[in-house]
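This is the structure I want to talk about, given as structure tokens.
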Amino acid sequence: MERLAFDVAHFFAGSLVLVSLMLLYQDRLSALINVFAFQAVVLALSVAWQAYVQGAPHLYLTAAIALSVKAIIIPVALHRMIRRLGIHREVETAVNIGPTMLAGLGLVALSMVVILRATAAADMLAREDLAFALSVVLLGLLMMVTRRNAVSQVIGFMSLENGLILAATGAKGMPFVVEISVAFSVLVAFIVIGIFLFRIRERFDSVNLQALDDFRGEIR
Amino acid sequence: MVALPPIVANLWCVAALLVIGAAAVAIGKRNWARWLVYGCSLTVSAVSCTIAVAHLIAAPAAGSEIVLPLGLPWIGANFRIDVLAAFFLAVIDLGAVAASLYGLGYGRHESAPERVLPFFPVFLAGMNMVILAADAFTFLFAWEFMSLASWALVMTHHRDEENRRAGYVYIVMASLGTLALLLAFGLMAGPDGGYTFAAMRAHGTPPGLAGLVLAFALLGTGSKAGLVPLHVWLPLAHPAAPSHVSALMSGVMTKVAIYGFIRITFDLLGPVSWWWSVPVLLAGVVTATLGVLSALMQNDLKRALAYSTIENIGLIFVALGLAFAFQGNGMKAAAALAMTAALFHVLNHSLFKSLLFFGAGAVLNATGERRMEKLGGLQNRMPATGLLFLIGSVAISALPPLNGFASEWLMLQAILLSPDLPQWALKLLIPAVGAMLALATALAAACFVRAFGISFLGRPRSAAASDAHEVDRLSIAAMAMLAVLCLLAGVLPAFVIDALAPVVQAVTGTRMPVQTVAWLSIVPIAESRSSYNGLLVFFFIVSSASIAAFAIHRLASDRLRRAPAWDCGFPDGSPVTQYTADSFAQPLRRVFGGFAFRAREEVHMPPPGDGSPARLTVTMHDLVWEFIYEPIARLVNALAVRLNHLQFLTIRRYLSLVFGVLVFLLLVLASWG
Amino acid sequence: MIAIPTSGEGLILAIPLVTAALLIFISNYRLSARLNAASAFLTLLAALSLFVRKTAPGPYLLVDDLNIVFIVLNTFVGFTASVFSASYIAHELETGRLTKAQLRFYHAMYQTLLFAMSLSLLANNIGLMWVAIELATLTTVVMVGIYRTHEALEAAWKYFILGSVGIALALFGTILVYMAARPVVGEGPDGMVWTVLIDHASALDPALLNLAFVFLLLGYGTKVGLAPLHAWLPDAHAEGPTPISAVLSGLLLNVALHAVLRFKLLLAANPGAIAPGPLLVTMGLVSLIFAGFMLYRRRDIKRMFAYSSIEHMGIIAFAFGMGGPLANFAGLLHMTMHSLTKSAIFFTVGHIAQAKDTQKIAEIRGLTTSHPMLGWSLVVGVVAIAGMPPFGVFMSEFLVVSSTFARAPLLAIPLVIGLLVAVGALMQKVHGLAFGEPTGVSHPVKASYLPMIAHFGLVLTAGLYLPPPLVAWFQHVAVLLH
Amino acid sequence: MGLIDGISIQLSQMALVLALSPLLTGLVRKLKARLLLRQGPPLLQPYRDLIRLARKEAVVAESASWLFRIIPYIVFATTWVAAALVPTFATGLLFSWSADLIAIIALLGSARFFLALAGMDVGTSFGGIGSSREAMIATLAEPALIMIVFTLALIAGSTQLSNVAGFMLSTGVGLRVSLGMALIALIIVAIAENGRIPVDNPATHLELTMVHEAMVLEYSGRHLALIEFSSSLKLLLYTALIACVFVPWGLAPAGAPLHVHLIGVVIFAAKLGVAGLMLAVFETMIAKMRVFRVADFLGAAFMLGFLGTLLRFVSRSL
């Protein structure tokens, strides 16, 4: 059981990293959203598995939230937004996909080194989980900095949050405050982002941040 | 009445000045505010000066000290008055008395009294506090406070772009100075924060660090005193302030800087090393020469005076450098001589420079002009001011029998003792210093012939000058007071030297021989070496001039006829034909300007047959400004422009920055453990 | 219920929360402004009561020597800012920049913000602390965007994105701390209780703590505004309502700093962990020098002072990074003085912007002539913030520089250069703003000068005289911080 | 030596310089004329000129201030005091300790300072030219002089002229390089300070080339007499200075009997004669230089003086 538990958790966590890399690979917005939804599904599975292994039923709630919000509601909303706003279908990249992938691999390696070196004393599961979570966080951040349009940046951010949830659930016995707050933050984040996107659209015809960035408060 | 310890009395004076300043905020615009503020400042300064002089004369071995529960919490605000402090306090408060007296009259013409009155007593309080401070925090607090108050005074006439620039340069240089001093004190205090002067004296500074402390002390006090190349603010800021404040800044505040330097080096830093003298002498001599050369090239009367201040500061630092050299080699008597010369010159300069600035202020009031090219003929219109300004000019030109000569004579005597120094560096350096000192003195005389001659003599060059009237009696009284003191200090230098003896004793550990014997002549070492008697010289000059006058008037002729001036048979009544300040300086500019200012003269002659006038263009460069400050300003600007792009990045790029830092730190962690 | 509402800390939290709820329903802006100020005043009283009666740390709330300094400072500036806000916001309503509905929202948010900040300071649970800071961020985001101009929205958006990322990083750091604590403290809520953590600090896994600190430093450091994580700060200060700028600069930055300090304590108590000092010192120096240079080309007066906040946060981080009783004392003092001074400057600047109808530096001249009170307040504020006597910042800068130079001369040189660069810039700007011939429009202002006078009075007093109890307190905390 | 003796010697010294100085001027003029194969004015012409001038009414320009009228007296007095303190025929001057060599130089500086002011007082361009050039010459000559003083003082160990002369009289001085440098430098300075060819021409009538004469162009009557007298005194002073330091033989030591003093006077007169001859010959041989060449001329003196001083500094430890 111990072995199996570890292997399954390891598998899910690893999958999350893989999906994060896949996110980086996408060059179409709709595909990107789909992959993100898939990541949310994997995350939900992972969290559910943790709930089962740790015998922590409240984690099922987290899994459910992840599944419903991130895998269904948000992707659907984003799809509609793309259609309604007539946003470019391409993911506009600041750095080409190839180098981004390479950088992503480097980040995964870095997080492995950092974490594995750090927690020699901790148990395997936590260690591996943490390493993968860190990878997902860094990859999400990488996505935010290498993609130009707002939708992909938002997805990058949410992917980052996925990593956080992975880490939080992996930390056995973490007080539930944290899960709630994570979910809460994701929710609020999304709502506020939505509000802002709405307002931004009100004034500019695009959610591309570029249009906003041209106006930076100070004249150059 | 219970006798207050001097330090307490002095602190009460400081407090009183602060209160006056605060009160002036409320009443600044009233007509009578001037009387109240300057009157009170005058009284308080006089009291403080008296206490200081009394302390100087009594010269108790232990200073009078007090710790107030203010300032830095765990050490409190330490104040102490010893003889060194008492001397400088006396100099400062004497200047303050004169300036307040002058302000009573001069202030009538002030267009923005509410911008002067609150800061004037506060400025005085700041200077007093610097001298009284006995811990690093209080010292720097007062130091910067003084700078700030004087900055506010410089900004009095803020509508003038020039003045704003002056204020800006001043406050930045003042901050530089404070920070440098802060570093110096930080080193002396050590990591445990022994910020009191007593603690610094007690545990001393490691010899390796002494050089660093000296460097920062030179930087810090030099920037306030006006050492080249830290002087750039001085000729801008001193003239910008109202004239009595200019007098305080030039005549008095620079002395506070000198005090700081003496306090740090001789008192706190521990045993003096001979090599300290090298940077000090170099800085001093460059300052003196460049200062006076610049003064010679100025058209603005007050600016010329400000540059002349730089020169005198240079002279004082030269004397201090000599004192280092002697002290470091154990030549006690010579060190005492050099130190006496420095302190004597401190006193002298404060007297005549205040006097001259008052004179310039009187001219400014009477004519509204600071440009010498627009003045002239004032001697006939403002005879009293003219005479007093002349006395100041003679004194600052180091001519006997006035006081400037006495102190410079002592300096030259000190230089003559320096061949006995063992170090080769000094053997080669000091003669050169002496030569430059002599050059600077001679140039100073030329400078004041020019300043006085162009401004007061000749025919008026503008309507403003020809309509000028004598200034009010209070202003003249202030000037007369200083002029009399100049004469007294020049004629009776022996008394001054003896009064300085306890200070010199405290600083160098020995003193000059008692001077007030044998006809009051001053004898630095031995009568066979050299001696000078100001009183006798004065007496001789006066009596022989009287004899000559008497003889000629009685035996020959005393008839006098007024006639037009000789015009070479080419009548042109215009005062424009007179020599101007620029043309007066032209020979000297030809001789020295090419080197010191890269001066170039260009003559544009119209072709033959063309009736248009020929033109002479003179270009001069302030090399210090161009080679030190402009590059710094350019560098700061370039960096500011370059970094400013960071204000205009996209959010994505900002995130990249965060991301970059994160990855960097992770890499550090990965490679660290 | 989190805590007994009769205790000081309970009241500090309860009053703003209740007021916020009330304010949503009050449409009369005069009344709500007054209620806002009154509530802030009550909170201040409650904070002061902490001095008298201290309660033992609970699982969620904690009052110790470190945070009490922050709390009192926070509630005080929160109060004065609310007084200032009352006179400021009326003008905004008159000129139509804000609607009544927005005002209602504004006041409620103001109290929520105060609540969030107090909660973060009082939290004994690092998770709770995180939540509170998150809440504070979100409220300020909305406040910054309240004018709904292009610039305001952009500033809020930038703040939101950067803030969220920072918050996410901080959360990861928090999780890591829990991970480090779990083997020692055991599973469950105890692993996040700060008092428990600090007790077991030496037993925690040092490598994990290091990693956690990196994330926490970057996460909360973003909120502190340390360069290069500062990007949100200038725009958020410049575009939001001025009372919020004052609160941001004077309080929120401190709250984040408090969080960083907490974790620094944790790391310092662990012998195996890296010394957090060098990290703080480096970021502090970078912030100081960077902000110093940025000051030169500022054209917006509020943005300029926002950069000055970055500069001072740099100095404070530097001081805490240097450590030692002197530097820590200086850091605490500097933080206090900076809060008071900077918020007073923002009060002044707010009225100046209203008087001149502009925030552009180039269009404001000769204030000491046209508006003597505002002009001289600005001069005093800049002089104080530039670290000149007789104000308190001078004392802290004195201690930082001198103690640094004696210990690490090479670090003091860039420090001094940074200070000088900043002074040069500030003075350059103030010469243009306060002096010269006044130009442009010039309205009379109905300003309440009381908050400014109170702040400057305190800063002046601190520069001259620090009361011994306060000193003892600071020294105690300084020792606590190593 | 009693006080009476001292005072009488001091007074006779003062009278002597007063009496001899016009004669020296006359002598130089006469000798120069003879060297140019002209007859020249009589030897005593300067006395007559002075008396004539003093008797005339003084004409003062309308724009002149009161300073203009008192400056001649100041100039005369300071020069006279300076001259009275340089040992001419005896070293034991009663008041020689009241001003050393530096003070004497400074006294001459005072005279020049006021004279330059006088040049500017009337407000004509000629006075300005004169003052400005005089100021330039002075700024170069004065440091050179101070350097010479340094050299002498370092050799003799004193700046008191009497002591310097006494030291020079004593054996064991020998020939010294620095002394030679000082001598040449002193001669150059003396030429410049007295406005002699090649620096200035006391006999010129072309305003643009004048220095000293341009300054005093506006003076007439008794004022001019005093100024002319001061110039003569100054020439005598420099001659006496050179004589006292470099050829001190014949100076009556302090406390010497009367006849030694009388011999001293005679020897001094002889020295003056020789100096006058040398000056006349030198001036006849050389042409006046351009004003801005003067800087180089005096710069040479300054360098010589400086080298002399430096040598003294360096050789002290050898």
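So that you can tell them apart, the chains are marked A, B, C and D in the order they are listed, and the count of residues begins at 1 in each.
Keep in mind that, in the parts below, contacts are C-beta pairs under 8 Å (C-beta built on N, C-alpha and C of every residue); 3 or more make two chains touch, one makes a residue touch a chain.
Model, not experiment: these values are computed from the prediction.
Undergrad: Among the chains, which one keeps its Cα centre farthest from the Cα centre of subunit C?
TA: The most distant chain relative to subunit C turns out to be D.
Undergrad: State the pair with the higher C-beta contact count; candidates are A-C and B-D.
TA: B-D
Undergrad: Distance-wise, how many Å sit between the C-alpha centres of subunit A and subunit C, to the nearest whole number?
TA: Result: the chain centres lie 31 Å from each other.
Undergrad: Provide the C-alpha centroid distance between subunit B and subunit D, rounded to the nearest whole angstrom.
TA: 35
Undergrad: Hey, how far is the Cα centre of subunit A from the one of subunit B, in Å?
TA: 69
Undergrad: Quick check: how many Å separate the C-alpha centres of subunit B and subunit C?
TA: For subunit B versus subunit C, the centre distance works out to 44 Å.
Undergrad: Counting only residues that touch at least 2 other chains, which ones in subunit C make the list?
TA: As it turns out, subunit C has residues touching two or more other chains at 157, 161, 165, 169, 207, 210-211.
Undergrad: Counting only residues that touch at least two other chains, what does the list for subunit D look like?
TA: Counting only residues that touch two or more other chains, subunit D contributes none.
Undergrad: At least two other chains touched by the same residue of subunit A: list those residues.
TA: As it turns out, subunit A has residues touching two or more other chains at 114, 117-118, 141, 144, 153, 213, 216, 218.
Undergrad: Touching pairs of chains, all of them, please.
TA: Final set of chain pairs in contact is A-B, A-C, B-C, B-D.
Undergrad: Mind listing the subunit D positions that touch subunit B in their complex?
TA: Those residues of subunit D that touch subunit B are 51, 54-67, 69, 73-74, 76-78, 80-81, 84, 95, 97-100, 102-103, 106-107, 109-110, 112-113, 116-117, 119-129, 131-133, 135-136, 138-143, 145-147, 150, 153-154, 157-160, 163, 207, 217-218, 221-222, 225-226, 291-292, 295, 302, 305-306, 309-310, 312-314, 316-317.
Undergrad: In the complex, go through subunit A and note every residue touching subunit B.
TA: It comes out as residues 94, 107, 110-111, 113-114, 117-118, 138, 141-142, 144-145, 147-148, 153, 209-210, 213, 216, 218, 220.
Undergrad: If you look only at subunit B, which of its residues touch subunit A in the complex?
TA: So the residues of subunit B in touch with subunit A come to 647-648, 650-653, 655-656, 658-659, 662-663, 666-667, 669-670, 673.
Undergrad: Provide the residue numbers of subunit B that touch subunit C in the complex, in ascending order.
TA: That would be residues 69-74, 136-137, 140-142, 144-145, 147-148, 155, 158-159, 161, 164, 167-168, 171-172, 175-176, 179, 182-183, 185-187, 189-191, 193, 195, 212, 636-637, 639-641, 643-644, 646-647, 649, 651, 654-655, 657-658, 660-662, 665-666, 669, 672-673 of subunit B.
Undergrad: Using the touch definition up top, name the residues of subunit C that touch subunit B in the complex.
TA: 157-158, 161-162, 165-166, 169, 207, 210-211, 214-215, 217-218, 222, 228-229, 231-232, 234, 274, 279, 290, 293-294, 296-297, 324, 326, 366, 368, 383, 386, 388-390, 394-395, 398-399, 401-407, 409, 412, 416, 419-421, 423-425, 427-428, 431-432, 435-437, 463-466, 468, 471, 475
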